[in-house]
Each structure stands twice: as structure tokens, then as C-alpha cells.
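Two complexes, one shared chain (subunit A), two partners (subunit B, subunit C).
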Partner chain A sequence: MTDRVSWPPRGMLFGVAAALLLAAAPLFLAPYATTTLTRMLVFGLLAASLALLVGVTGLPSLGHAAYFGVGAYAAGWFAKNISAGAPLSLLVAAAAGGLVAAATGWVAVRARGVFFLVLTLAIGEIVHQAADRWDSVTGGSNGLYGIPATMFGGEPISNVGLLYWYVLLAFGIGLAVLWLVARSPYGTALRGIHDNEPRMRALGYPTSLYKYAVFVIAGTIAGLAGGLLATQQRLVTPEDLGFTTAALALLAVIIGGAGSLWGACLGAALVILVRDTLGPTLDGHGPLVLGLLFILVVYLMPCGIAGIRLRRGQRPAAGDSGGTGKPAPEPVSVGGGASR
Partner chain B sequence: MSGIVISRRHILGMLGAGGAAAALSACGSSIGNDSSSGGGGETKSIKVGLVIPQAGVYAPLGVDMKQGWDLWLERHDGKFGDFTVTTVAADEGETPQTGVPATQRLLQSENCDVLVGIVNSATALGLRDLVTEAKKVLVVANAGAEDITAKGASPYIWRSSFANGQVSGAMGTYLAEENADDSVYVIASDYAAGDEALAGFTTAFEKGGGKIAGMAKPPFGKTQDYQPFLSKIKSSGAKATFCFFAGSEAVSFVKQYRQFGLADDIPLYGSGFLTEGGVLDAQGDAALDVQTSLHYTSALDTPANQEFAQAYQDKFDAVPTVYAVQTWDAANVLDRALKASGSADGDDLSKALGGLGEIDDSPRGPWSFENQTPKQKFYMRKVEKEGDGYVNTVVAETEPVGQGG
Partner chain C sequence: MSAWFDANLVSILNGAAIGCLLFILAIGLSLVFGMMDVLNLAHGAIFLGGAYVGWKVGGAAPTWASFLLALGVAVLLGLVAGGVLSAMTEPLRNRSHLDQALLTLGIALVVAELLSMAFGNDVRGVNAPPGLDGSVSVFGNAYPTYRLMLIGVGAVLAAGMWLLVSRTMIGAVIRGTVADREMISAIGIDNRKVKLAVFAAGSALAAVAGVLGGPIYGARPGLDATVLILALVVVVIGGLGSVRGALVGALIIGQIESLGRALFADAASFVLFGALAIVLVLRPQGLFAGATR
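And now, the complex of A and B:
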């Protein structure tokens, strides 16, 4: 899950190894494990797009699942009614996520801190309500089901391994976009906004516009992740864009270490592992274990998974983020030490 | 607290353990031929995945379903025909987000031959492609969405429970026969199941010549205070109210209906889930004289039900509910189908299920599959006090009706 990382040279090595391992996974994993891994990728991309908002820019969104869900519904509806051809539904999903983020983000990014949190929560609830009631398009609370398998070269991708590769490819592209944004001068400015917005404004940066743009980018990638959900699960329900999904994504980001894209992916993998693989076998105690695990992880690893390496490594390249006290943002975060 | 030192090694070990757990089930390959054959063969065993809610708001239903299932197996030596049954339970949770992966695990990792359970309709619909492509039989033991055996039907999905409109339709027909001149106010939670229940009732009632006085749909899962709706019912001039609520909403609605003083003037009717199982005890005296339609009541005076109810009472110290009966019957039909097919293969089993004819020994009374969902009798039930508890006594019963009939 840690492909596209970039700490030279060891980081690069890790990244390449992780990417190879991920690519080879279906060759030695049983179908169910592959399915789980696919689900982790989908949720991981959602979490990574949220990490760009939360960790890099300092916009803690509780409504990010809205764009994920909009993408999922758009992809599902498109595949069902127009075409199930390979990349089309994903493009539609990303566009839909981006458009809705563009329509709602303008209001949201004007608020800060807890107000931003509440506004995004409200947006999420409104979109959730729309999904629940707009029966003719979304299927209401029964969900949008019967989404056809994605077609590639005239053949449906029904084998779980092939589906995994398809999802992995899209995941890689999505993560690359996020990573490039975070690494660019624009990303550096976002981190500046995170640390001290008034100062950035005083320096002449159009901070509202910058925040709006990153909101739309994150929404677009969340939409893409939603498209992958529709592709993989072939079912979209209002729960997919509900508060629980948004909160789980935020928890994945926090577990991963707020500013780290690959950390968010690992956090998402952990969430899926506990919720979907261990949870159902625990005789109804799944949610409890999930809750306990979160508390433990947050308590024991205040900087998240990404923080572990930094704390121990003491690498000079890690710059000013060697400290362990602060849970949130690491300027280094995205892809590690070399990011600025 | 501050004494806890956790090293990187510990944490990596922790994560490694998680990975190892995932890897345990991970052998073989996902590429190429991914059909896996479980059970069957020489040993004559069958593995059943029981997907029921064990956590969340539906957990009480899950308990009843598990008990119905366990009781059937216990009374039949744990066998379907010649097949020794192994049951693997999984937690469906509240939503498809948990229900679908849980079922996926049962199919792909546990290699179950048959699936039973499912309370949430969206989960049942979402599983359609999964079970159809795996060619495994799923017996839906609760979820009531019409689509499951209509628009979203699959040759592998059978239902031992009901369809939402079927339950309320029975009440609509009954009320129209009793008193078509009286207008009825209809109210239901604002979500798919509520919509289907209202549609079923309204269609049947109007077909019988009845008139609807008004309609309300309180938001699902968000309404605590029904007073605005109760005022509307009062001012509508309706002679009766028909409602669809379940769980905690059923409790608050019935109680507030009584507290508001409507219960004596405008009798309350509903889909049977309104007064079934745990909610009835919670409603207490407020539920007295409420009439509902359902395909089962524990008060049913038939030898099959009395034997069942007694055994259930003895084993679990509880009154059986419709949820227990539906799962009991799921076991019952699987037993009959396996006797007929002699094979746990999905296609054979599906075919055998289609040829079962009438199920004559069910606690709910005789029923049969029609379009893969029960064609069954409905009972008009009235809540009465019996000793310390409350019971749904039978007022009338219908001829067997199918979905949409």
C-alpha cells in the first residue's frame, strides 16, 4: 500500500517493493483475501484524499464521504444505464465527485476550525438525505443494486484478481495525483495555510481560492474512489455516503498520521481488516473491538503509523517533524522526508 | 500510565499479527479458476453460512433467528436429509457495508454451500450478483423488499419470510371487507419498506372499495415525537389508522397514539411487526386492542405451532417470534430440498426448492413457494393481555396469498 513513496534512496526502495508486492498479491492470495485487499485500496484512496484536506491543508472534513458516495452513485448509475466500458464509469465518478465538491466547497472553505467541521457534516447529511429519498435514481434506502461488472475489451471483469488489478491501477493513478499535488509548490503553500493562514494571506496568497481548489481536488479523487467502490461492490447504498463512512475515513487518516498519504492508506487497511474481516466473526462484538482498537492506536501512536518511522529513524531529512508530541500534521508527511 | 513504553518493534509486531491473520486464509491464487467446491461428495456434509445481525439495532432479530435455526437443527439431529450440517454464523450488522463483506467471507473464505439469513433488504439486494455468480443458494429469512423476488430476482435467491406489501395488503383486503365505508388514515416511516407497506395496503384497500383519508410519512429513524402527525390523524376524520413502524419507532408510536387519546376513538391497525416480539413488551398496555396482520403469531392454535412454541419455550425460555419461525422454515425447506436433490450444488438445490410444493408442517401454517417467495396465509391479530404478558390472538385468517396478490 505504500507505493509512490519517495524517500531517497531507502524510501524509493520501500515504495517500489510495496508496489511490486501489491501488484503480485493476487498471484498468491486466495480470492477472499484479494477481495479484502481490493476493498482496502478503495477505502485507502478515500482516506488518502481526505488526508490531503486534513493533514496537509488543515481542513478536518466530516462530510468527505459525500463525494465518495456521489462518485459511487454516478459510476453505478452510468454503468447500469449507459455503459459499463472500462474506464468510463470511473471518469464519470471523478467528475461527479469534483462537481459536487465544487458546488458545495465554496461555502465550506470559508469557515474554519469547528465551523468547517459542522458545515461539512451538514453537507454530508444533505447529500445522504438526497441519496435516501431520490428513489428513481439512487434506489432509495434499498440502494442501487444490479450494477453490471465492468467490461474490458468486450469481456466482463468478473475474476477477483483481474478486478483487483483494475482497481490497483486506478488507485495508483489517484494516489499519484494526490502525491503530486502535495509535493508541488502549491502543496507547500497549502501546508503554509495549515500552519498559519493569516500569515499566508498577508504574504499575498489567495488562501480561500487555494483551499477551494484543494477541496475540489480531494472531492474529485474521493469521487474516483467511489467509482471504484461501485466497480468492486456493485452495490451503492446511502450508508456509503453517510456519517459512519465519513467518520471511519477520518479515523483512518488519524491512525495513519494526519499528514501522510501512505499512512492514511495503511490506516484504511487496518479499519477494513477489523471491520470486514475480523468484525463479523466476533459474535456481535465487532464494533466494540473496532472502537477499542482506535483508542489504543490513537493513544499509543499519537503521530499515527507514519509517525513510528520518523520517531525512530531520526533522519535528518525528516526536518522539523521529529517531535512526538503533536498528533497532527507533519510537514514531511506526504511521501516522507524529502517532501520539501 | 506514563510507564508504558511501546517500541517500534511492538507496534510492527501488532500490525504483523493483523497481516498474518489475513494471510492465514490466504493460500492459493485469485487468478484463473476460482471455483471452489465445499462440502458435498462422499462425506455428505453441508456447510451453511448463517448471516444474521449480531450487533446494532437489528440484533434482537438476529437472536430470534439464531434460536429458530438452532432449534430446528437440534430437533433433527443436526442433519438436512443425509447431510450433516455445519453452521458458520457471521454478523450482518446494520447495513450492507458490513453485511456484504461478511457474506463474501462466508462464500469465498469459508466455502459455504448455502447461505441463510439477511435482515436488511439493501444487503439482500446487494448480494444478488455475488450469489448468482457463485451459484450458491441464499434463503432470505427476513428481508422484505419486493424487489428481492421481483425486479431483482435471482434463480438462487429464495425467501422464507414475506414481502412488505404482502403483509399490509392482507390487512387492506381485510379492512375493506369488514368496513369499506370507513376511511382510513395511513402513516409509515419514510423509507423503502414503509413506502412498500403503504403501497400494499392502499392498493388492496382501495380495490376493496375503501377510501384513504390522508397519508403521512414521518422521517425514518429521526422522529421522536409523533404529535404533529397524531393531530393530523385526529383532524382528518378517519375512522381508523393503518401504520407501518418497527423497532423503537413502533414502541414510541403505539405509546404516543394511546397517550394522545386516539386509541379509543380511532382504532389502530398495522403491519404485524408493529407488535411482534420484544417491542410488544415495551409497548405494554398501550398496545392493547391494536390489530395487525402477519403470517405468524405465537398464539396460533395448530398442533405444529403448539409443539414448536413449547419446544422453543423450553429451550430458550422465550415466546417464539415470526423471525424465529422464518429461520426455522428456512432450515425446513433446505432439509426437504436436500432430500429431494441429494446434492448441495446450487443449481440442483434451486431446482429442488422449486419443486417442493406445500410445506405442510410449518408453525405458521401451510405455505408454498410462488416465484421463490412464500404464498401463505395471513392472520389478523389483536393484542390481548395474557397473565403477565401480552399476546397477539387470532381474530381472522386469510386464504393463502402470494407476493403482490
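And now, the complex of A and C:
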């Protein structure tokens, strides 16, 4: 079986190089570019948590932005009303994302195929409506503003470079958690569920429980990413947990190649680049470019950025499975199978 | 009870009118969804296109001639749009639902953006055609004539669709394709053509719903997403590929949208999606899955 989230030594070198480059970035980037890079990290963590659901487990969620937004609101509210001390609001955000994912996930993971898509869409809409209506906590459609800067050792983190490092550290921790989950035996079982859930159930795996657990884990990390969003832009609006955000996160995952965490991060960087850098230069016609990007990606890059490399490296593995005399089973389409 | 009924009669009628509109919108979505497993997220954009056609061709205060002309143009545009969508999703027939959803989502974004570039961001209100723009008395409550007419049109269309799908040869092919696509192609019917026809007809109905909905919703950016989500909920509650399911689902959602909003004001969307969650938990395939009548 091909390990989709493989981390061979060469990959390790890449990882270390990327981490060093990311850590050194604010030293040679202009403040505006650093801010954009911070946004990419925030969105990248959201996309990576979604990749764990979509790519690894085969649960294509259209409502993942809900947990991101819940985390953002929780962190913003906590920082505003209780304490703006460094890691506290992020912990609150992760806990809130996880709790809401736990409360909604048990309904979602019961659905299969397109029903999962629609149900997660519905969950996203409910949470979006709640954010829009619950004025006393979320500030309604104006959003939650006036979130204080995060305090570290009694000093507010106001320098964009320091803020970037703070976000980078949290991003690294979040990504490490996702990576460990994907690499663990549990992650292997999740990939089994992705490929053939009935067989995994027949082998004795409690697949519903596994899917529920990964839904909660992904929700927790999405909540952490939301906390980072609140920390960085110090404003949370209902847009942040709306359908557009969820769709963009999904686009990032698909661009990156479903199943690849680093691919999702690269996809997220590209999406943010298009939305925040290209978008304003097009008189607010960013959605047009994003729509075209959706169409192009679906047609031209069925396996995403990660797929471009994987397809070359995968040949021997494909030969192996042919050699056992048993034709490799047709990969089950995402959430496919018994839809009627 | 009768006092309650009196107080909420207008909401109930509104719900029926919205339900009829939703049925016209959702039936195409449901058939394409049920037959070809294509999740068409561009359906709402076609509705919005129809709404703008109603405003542009029919005018803000349409005469009967211009209103009917707008309906005709909407049907044509809908047929073309459905054909294009069918052709665009064809290369993805063996890919996952997610890929198809993303493709149609991309199309929806592009279409919505082009519409907002062409028509601006204002709400384009449309009047009902003359004769229907007044109101009549229903059990002592003044009620807009146009909405009553909409309920009538919805009922006629529902009956027509039911006859078409359950009593004709075309309907037999459609039901057969919903039930077993491979078997239908094995008996020599090209299911790409079936898909093209259903896609085109469904999109034409969506565009017609847009024109008909003009006097209620107007045409404005963002309307596409609102109606798409309602239509998806209708389809999922009713069950994929079922005419009866789409009708019952549309009437339920219409009542939740109208009566629910009147009774619970802020909680209506929770009621809406709560109903969806309950249906999916109790009957994961929808209320009328498999029963294509």
C-alpha cells in the first residue's frame, strides 16, 4: 500500500529546509509580505486539518470552516473578555473547535457520499447563521472587533515579525499533531476506511468511531487555526466561517492533492496569494479568478501538487500490487459506494 | 386552533408559494443528482440567471407579453446552460462526487461574478404582471394574487412532472436510469443523452423558477447561494431522484421558511437544518428514496 503521507529522509531534509526558511522569512521580507505569509500559515493549518478528513479518511466536508470560525470567535471572545495571555486563547480556540466538532460530528459521520457533503454544508450554514444572529457574543454581522493583541510576558505582540513567529510555532505544533495522527497505525486504518470501508468494518475496525474521532481531531486543529486567525487579524466576521471559506479550504486541499498535508499547505498559500494579492488588483473580481481556478484544477490536476510527484514515484508500487496476481481494487471514489 | 390558523394563514400560504417555487427549482437538481450522481452546485446560479432575465427582458413592471417573453428566453438559456453543464461534467463521470461538486462550484462562482459584473450589486425588484399584481381576499385576509397563481403553477407542474415520470416512456427511461444506470445503457439507451436531456430540462426549470421568483425575491447577488442551499435541503430530505420526494420536501421546507420564520423568527434556520439532520439520521437516504413516483 502506498503511503500517501510518506516522510522519507529526503522529505525530512525538505521539511527541515522549509522550516528554516519559514523561520527566517521575517528577517528578509517586508512587513506586508510577512503579514501575507502569516495569513498563509493560518489558512494552511486549516487546509491541512481538512486534508486529514478529505484526503486521508475520505470525508469531503463542505462545512469545515465552521470549526475554524468557532475557534476564531472563541479565541477573540476569550482574549477580549477574560485574558489575552499568550497561549490561552489558542487553547480555548482548539477546545471550542473540538467541542463543536464533537457535538455535530456524530450526525455527520453517519451520512455517506453526497449526503455527507450536504450535511456538512448544512452544519456550516447553521454555525454561520448562529454567528450572524448571536449579537451579544459574536457582534452579529459586524463581526467581533476590538480583540486585544496577544500578551507575552506582559508585553503585547504587536511587531508583525514576532506575531509571525508566534503563529509559526502554533502552526508547527498543529501540523505535527496532524502528521503524527496520519502516520500512526490509527492513520493507516483511516486510509483503509478511505479505500474500502466495508472491508475495514469486516476486519473488525469500529469504522464509525474512527471517523468520528478523526472528525473531532480535525475540528480541534481547525479551531486552533481559527484562534490564530483571531490573533492575527484581531477581527472575526461571520464571513470567516461562511461557505466561501469552507470552499476555499477545500480548493486548497484539492490543489495540494488530497491526502497530502504539505500539499494542502502549499495549496492554501496559492489560494491566499490569489485572494489577497491578485484579488485587489482585479477590482474585487477575485471570485472570478477563484472560480476559474476551481475549474482548471479539477480538469488539469486531478491529483494536485503532491500528485505530480507521487505519480512518478508510484510506479513501482503499482507494479507490486499487480505482481500479487490480484488486481488492485478500483479506488473507491471519495465517499462513494452505497449512495442509493 | 382556528384563531391560530387565522393568524398564520398568510404565512402558511406564503410557505406553499415558496414550496412550489422550490419544487420547480429542486426537481431538476434531484433528477440529475439521482440519475447521474452529479452534485450540481451551479443550479442556484442558473436560478439567479433566470431572475436577471426576468428583470432585463420582462422589465421591472412587465406586461404579459414581456413576462412571457422573459419566460421563453429563460427556458432557452436554461436549456443551453444545462447542455453546457452536462458537457463540462462529462469528463468527470468516473471521478468522485467531490470533484464534480468542485467543478460546478467553480462554474457557480464564475457565473455569479459575471452576473454581478453585468447587473451590479443592487436588488433588482420585479413586479408581477398586470392582473396578478393586486391582492385578493382569502378567508378575510388580503393576499397577493401572484403568489396564489404561483401555488397553482406549482401544482400544475407537479402533476405534469408526476405524469411525465410515472406514466410515459420518457419517464420510464428516467426512472430506469435512477435505479440502474448500467442496465439502461445495456439495453441500448445512451445514458449520456439521457443525462444531457435531464440536465437541460432541469436547468430550464431552474431558470423558469428564477423568472417566476422575481416578484417574490427580486434578483440580487447572493440569492444563488441561498436558493441552492434550500434546494439541496429539499432534495436530500425528499430523497434523490424522486419526484414525490422533491414535492413533499419542497412543501415542508417552504413551510419551515415561512411559517417557521413567523413563529420562531430567529431560530428558523436552526429548524431548517435541524429538520435536515433529523431526516438524515432517521432515514439516511431521504424520505422517499428509491420511490421514483
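The criterion applied here is as follows: the second predicted complex is superposed on the first by the 301 of 340 C-alpha atoms of A that agree within 3 Å, B and C clash if a C-alpha of one lies under 4 Å from a C-alpha of the other, contacts with A are read in each partner's own complex, and residues count from 1 in each chain.
What we mean here is this: a contact is a pair of C-beta atoms (placed from the backbone, for glycine too) under 8 Å apart; a residue touches a chain by one contact, two chains touch by 3 or more.
All of these numbers come straight from a predicted model, not from anything done at the bench.
A.B. asks: Of the two partner chains, subunit B (first) and subunit C (second), which one does A:P287 touch, if any: first, second, both, or neither?
C.D. replies: both
A.B. asks: If we overlay the two complexes on their shared chain A, which of subunit B and subunit C does A:I173 touch? Say first, second, both or neither.
C.D. replies: Neither subunit B nor subunit C is touched by A:I173.
A.B. asks: Given the touch rule stated above, what does A:T35 touch, subunit B (first), subunit C (second), both, or neither?
C.D. replies: First partner only, subunit B.
A.B. asks: With the two complexes superposed on chain A, say which partner A:A18 touches: subunit B (first), subunit C (second), both, or neither.
C.D. replies: A:A18 sits against neither subunit B nor subunit C.
A.B. asks: A:F115 in the overlay: touching subunit B, subunit C, both, or neither? Say first, second, both or neither.
C.D. replies: second
A.B. asks: Considering only the touch criterion stated at the top, classify A:G146 as touching first (subunit B), second (subunit C), both, or neither.
C.D. replies: After superposition on chain A, A:G146 lies in contact with subunit B alone.
A.B. asks: Tell me the contact category for A:F243 with respect to subunit B and subunit C: first, second, both or neither.
C.D. replies: second
A.B. asks: Which touches a greater number of subunit A residues, subunit B or subunit C?
C.D. replies: Answer, by number of touched residues of subunit A: B.
A.B. asks: Let me check the overlay on chain A: which residues of subunit A are in contact with subunit B and also with subunit C?
C.D. replies: 133, 285, 287-288
A.B. asks: Spell out the residues on subunit C that touch subunit A in their complex, using ranges where they run on.
C.D. replies: Where subunit C meets subunit A, its residues are 33-34, 37, 39, 91-92, 94-99, 101-103, 105-114, 117, 225, 229, 232-233, 235-236, 240, 266, 269-270, 273, 276-277, 280-281, 284-285, 289-290.
A.B. asks: Would you mind writing out the residues of subunit B in touch with subunit A in their complex?
C.D. replies: Residues in contact with subunit A: 4, 6, 8, 11-12, 15, 18, 21-23, 25-32, 34, 36, 54-56, 59, 62, 89-93, 95-98, 100-102, 104-105, 108-109, 121-122, 125-126, 128-129, 133, 145, 147, 152, 190-193, 195, 220.
A.B. asks: Which subunit A residues qualify as touching subunit B in the complex?
C.D. replies: Counting only subunit A, the residues touching subunit B are 26-36, 39, 132-133, 135, 140-143, 145-147, 149, 158-162, 164, 233-235, 237, 239-240, 244-245, 270, 273, 275-288, 300-301, 305, 308-309, 311-312.
A.B. asks: Which positions of subunit A touch subunit C when the two form their complex?
C.D. replies: 54, 60, 62, 107, 110-115, 117-119, 121-123, 125-126, 129-130, 133, 243, 247, 250-251, 254, 285, 287-288, 290-295, 297-299, 302, 333-336, 339-340
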